[in-house]
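These are the structures in question, set out in turn.
In the two complexes that follow, chain A is the common piece, with chain B as its partner first and chain C second.
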Partner chain A sequence: MIFDGFLLQILMGTLVTIKVALCAAVFGIVVGLIGASLESIQNRWLRYTAAGIIFIIRGLPELLVLFFIYFGAAIILSKIFHHYIDVSAFAAGVIALGLIFGSYASQVFRGAFLAIEPGQTEAGKAMGFTQFQIFTRIQLPQAWRHAIPGLGNLWLVLLKDTAIVTLIGLADMMNQAKIAASTTHQPFTFYLIAACIYLFITSLSQKVINFFTIRANRYIHT
Partner chain B sequence: MMNFMDYLPQLASGLSITLLLMIASVGTGLLLAILMTICSYSDKWIVRKCINLIVFFIRGTPLLVQIFLIYYGMGQFEWIRSSSLWFILREPMACAIIALSLNSACYTTIILQGGIQSVPKNEIAACHAIGMPKWLAFRRIIFPRAFRLAIPAYSNEVIIILKGTSLASTITLLDLMGVTQQLISQTYATIEFYIIAGIIYLLLNAVITGVFMALIKWSAITGKASQ
Partner chain C sequence: MKKIIFVLISWMLMFSNVYAEEIKSIRFAMEATYPPFEYIDASAQIKGFDIDIAKALCDQIKAQCTFSNQAFNSLIPSLKIGKFDAVISALGVTEEREKQVAFTQSYYEPSGSFVAATTKHYKIADMTGKTIGVQQGSTLEQYVQGKYGKKVTIKTYASIQEAFLDLVSGRVDAVMADTPIAQVWLKQNDNKTTYSIVEKPIIDHEYFGAGFAIAVNKDAKDLLTALNTALATIKANGTYDKLYKEYFSP
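This part shows the complex of A and B:
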């Protein structure tokens, strides 16, 4: 076998990569929704704080955010609890990538909610819907349609950003490719394999996103 | 409490490498992108296909993989190591610039193509009507117009390149991120140095945003809404 069983290792790493990406996306969507609602809230200080945090995270390199959370959190937590606390690389990766995803997603969500005509929520109020019902039954399904293309792009960015978690020692696809590359002295081969797997996952994601975009717009007749 | 001023020279040298990486990649990337955009409108089917393939590959893979492929990957081939190209490809700086500019060129190509598509059709029709040749119309009317439309998206791309330069620290380059890591391993002042690096990156962001705001103002068509 030309790849000496490293292919299996890389595929195992691929699962880790996908797991990190999925967890970060779920966490990021929650962060994004919270961010979007904080940014549209009446209280000025809360609004400015949320906007400030989003601005900072969007402006920093992904690597810096990841390292800050992985190495910085260990120090802060250790100081609080007065003994050494080890932060898991997986958790740090998910939190860092999720925060980055969330800070971009909050803008997508804000735009999506603003795209709904105010008449829709007013109609809901007139029909005697509660605030929660208006949100889940009227706003969310309509905002979803506007948010899908933006979220789809963010998902593709996120997938590619997961490559950096290898730098904090997580055994993801890049890490396995690195091990294979240094053992066999064939870095080009193995990094190319990793690249092709990323290419496959992103292309597949693109197909799924297109499907959902068409599906979310199925009631819209132009 | 230590004095952070002592580390200013190291941080400044890191900053200069980050800036060098960014400016070189933005410049090369933009030139490549313009070339690729022109080629993507070529009459030759094979040229269009090649451009699409390159853009598809680069946009579908992480920047880190591209940097590793160029820096570590090229050494695998004996004929590259023995060729005169090895002079360039063994330098981490050159590899980082190559990877970043290729990456940026592909994203910018998409941005420019989007700009060209949003040039009003009647303006292109007007070029044909007064008998401009295809290339002249592209050079004088379509491209400047498309570039103006693409500036806001392009400013985001430049910020993405700035953030991407931090990955150069993974191939032993001592850019701002690399210097920060080095200083942390010397002083154990983890949080402090990450915050300093973060502030510098944010300031660079602000400068880029300011430059592009000025560019948008400068390039706006005066006396007429650009719609």
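This part shows the complex of A and C:
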């Protein structure tokens, strides 16, 4: 009976964990693409700014980035508007994890774009493609293939990093497991359940990553 | 560009006012992993002594109260920037914390209790020559050392549960433990039939601190006054005693 109630709470927490991870990954991929393109354009100011931000975020502990956004943003916005403004824990968690994911992903994307032979884009130009068409039809599909293994790794790291949102009061799986453990005095049972759920999600992710890898490589016949 | 980012960020945030003129609602925060003071039960409700005290106070103030589970380390920072109105989380009043937030009168006094076999009829004043088990690094260890020093033999344990095991096996004559912890142990496995608290719990501000209190933002003077008045009322009208007995009676 007690077990059922807590199990339900942990499953609800699992949903929160997955939601945070998915939102952060989508946000992070966008950030990563923007970061990678800014880092490779000619304008020096934009390039240095992007590289600087990426350098800072990659160099700081995840927890610190999260606290800066959750507490720092609330203080700054409150100062600007002269009354208290709440930053929701969910938004702060998604933004922080997304920025972290994005700054690592930008490096993965940059490497992936560099891996495409210059001849490919030149051929596109010769065929009269516009810059946008070259990016979406030629660069992106090929870069995608190179980026998937790196992104897959980042996704697994992100999934486990979501546990830090516990510290800003979001009721994720880890938080619920901790609550159940402290109330019932059975830490081993509930942490083991949480561990099994994490493993289940990561192994499922691996299957999805494999699917995308095969799909992205399908035009290559060796 | 700046404007667009600004608008986007604004959308993501929820706006709310901190200071209402009348106290209509109080947002309490706590770390709910500390039974019996605060914990979350199987139905996902926050419960415990602190919560019942807070509810009684809210009844007095006629305010709507909400409770939110937060990480312990972020309780005081959250309070300072106004995410919550009050913290009630078995929070001991210390000088360090008083620099950052304001505290109400204490609503619970931590106390220590000697637990020993009932048949031995020990007295608090006469523990000389006995072997006493305490938890390593606890305030209770300092208390026993400070009060009895070399007159007793002190055995320290990493966990208080191990001290109780040695009490049962007879390696120590008495165990000094936090009163609520001692009471929980006494309730387990019929320990009550053979063991009991020696005389009564010991309260000592010098060693155990000035007690648990509710913390509020230093600027929230009205809230502090309201909470203190309500606390005095529930202590006078018996509500407090009823709750205290419910949670801490032996």
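One rule holds for everything that comes next: the second predicted complex is superposed on the first by the 219 of 222 C-alpha atoms of A that agree within 3 Å, B and C clash if a C-alpha of one lies under 4 Å from a C-alpha of the other, contacts with A are read in each partner's own complex, and residues count from 1 in each chain.
Throughout what follows, a residue touches a chain if its C-beta (ideal position, glycine included) is under 8 Å from a C-beta of that chain, and two chains touch if they have at least 3 such contacts.
What you see is a predicted model; the values in this text were computed from it and never measured.
Visitor: Check chain A with both chain B and chain C modelled on it and let me know: fit or clash.
Guide: On the superposed model, which is not a single observed complex, chain B and chain C fit side by side.
Visitor: Would you sort A:Glu39 into first (chain B), second (chain C), both or neither based on which partner it touches?
Guide: neither
Visitor: Identify the partner contact of A:Gln186: answer first if only chain B is touched, second if only chain C is, both if each is, neither if none is.
Guide: Once the two structures are laid over each other on A, A:Gln186 reaches chain B alone.
Visitor: Between the C-alpha centres of chain B and chain C, what angle is opened at the C-alpha centre of chain A, expressed to the nearest 10°?
Guide: If I round to tens, I get 70 degrees.
Visitor: Would you sort A:Leu63 into first (chain B), second (chain C), both or neither based on which partner it touches?
Guide: A:Leu63 contacts chain B only, not chain C.
Visitor: So, does A:Gly5 touch the first partner chain B, the second partner chain C, both, or neither?
Guide: A:Gly5 contacts chain C only, not chain B.
Visitor: If you stack the two complexes on chain A, which partner ends up touching A:Asp172: first (chain B), second (chain C), both, or neither?
Guide: neither
Visitor: Would you check which partner chain A:Tyr84 touches, where first means chain B only, second means chain C only, and both and neither mean what they say?
Guide: second
Visitor: Quick one: classify A:Thr202 as touching chain B (first), chain C (second), both or neither.
Guide: first
Visitor: Is A:Phe71 touching the first partner chain B, the second partner chain C, both, or neither of them?
Guide: both
Visitor: Determine the nearest approach in Å between the Cα atoms of chain B and those of chain C after overlaying the two structures.
Guide: So the smallest C-alpha to C-alpha spacing between these two chains is 5 Å.
Visitor: Counting contacts the way the document defines them, which residues of chain A are shared by the two interfaces, the one with chain B and the one with chain C?
Guide: 71, 75, 166-167, 178
Visitor: If you look only at chain B, which of its residues touch chain A in the complex?
Guide: Going through chain B, the ones touching chain A are 56-57, 59-66, 68-69, 72-77, 159, 162-167, 169-170, 177, 180-181, 184, 190-191, 194, 197-198, 201-202, 205.
Visitor: Where on chain A is chain C touching in the complex?
Guide: 1-2, 4-6, 9, 12, 71, 73-75, 77-78, 83-88, 91, 95, 166-169, 171, 175, 178-179, 182-183
Visitor: Applying the document's contact rule, which stretches of chain C touch chain A when the two form their complex?
Guide: Residue list for chain C touching chain A: 9, 12-18, 29, 32-35, 39-44, 68-71, 73-74, 77-78, 81-83.
Visitor: Hey, which residues of chain A end up touching chain B in the complex?
Guide: Residue positions touching the partner: 56, 59-64, 67-68, 71-72, 75-76, 160-164, 166-167, 174, 178, 181, 185-189, 191-192, 194-195, 198-199, 202-203.
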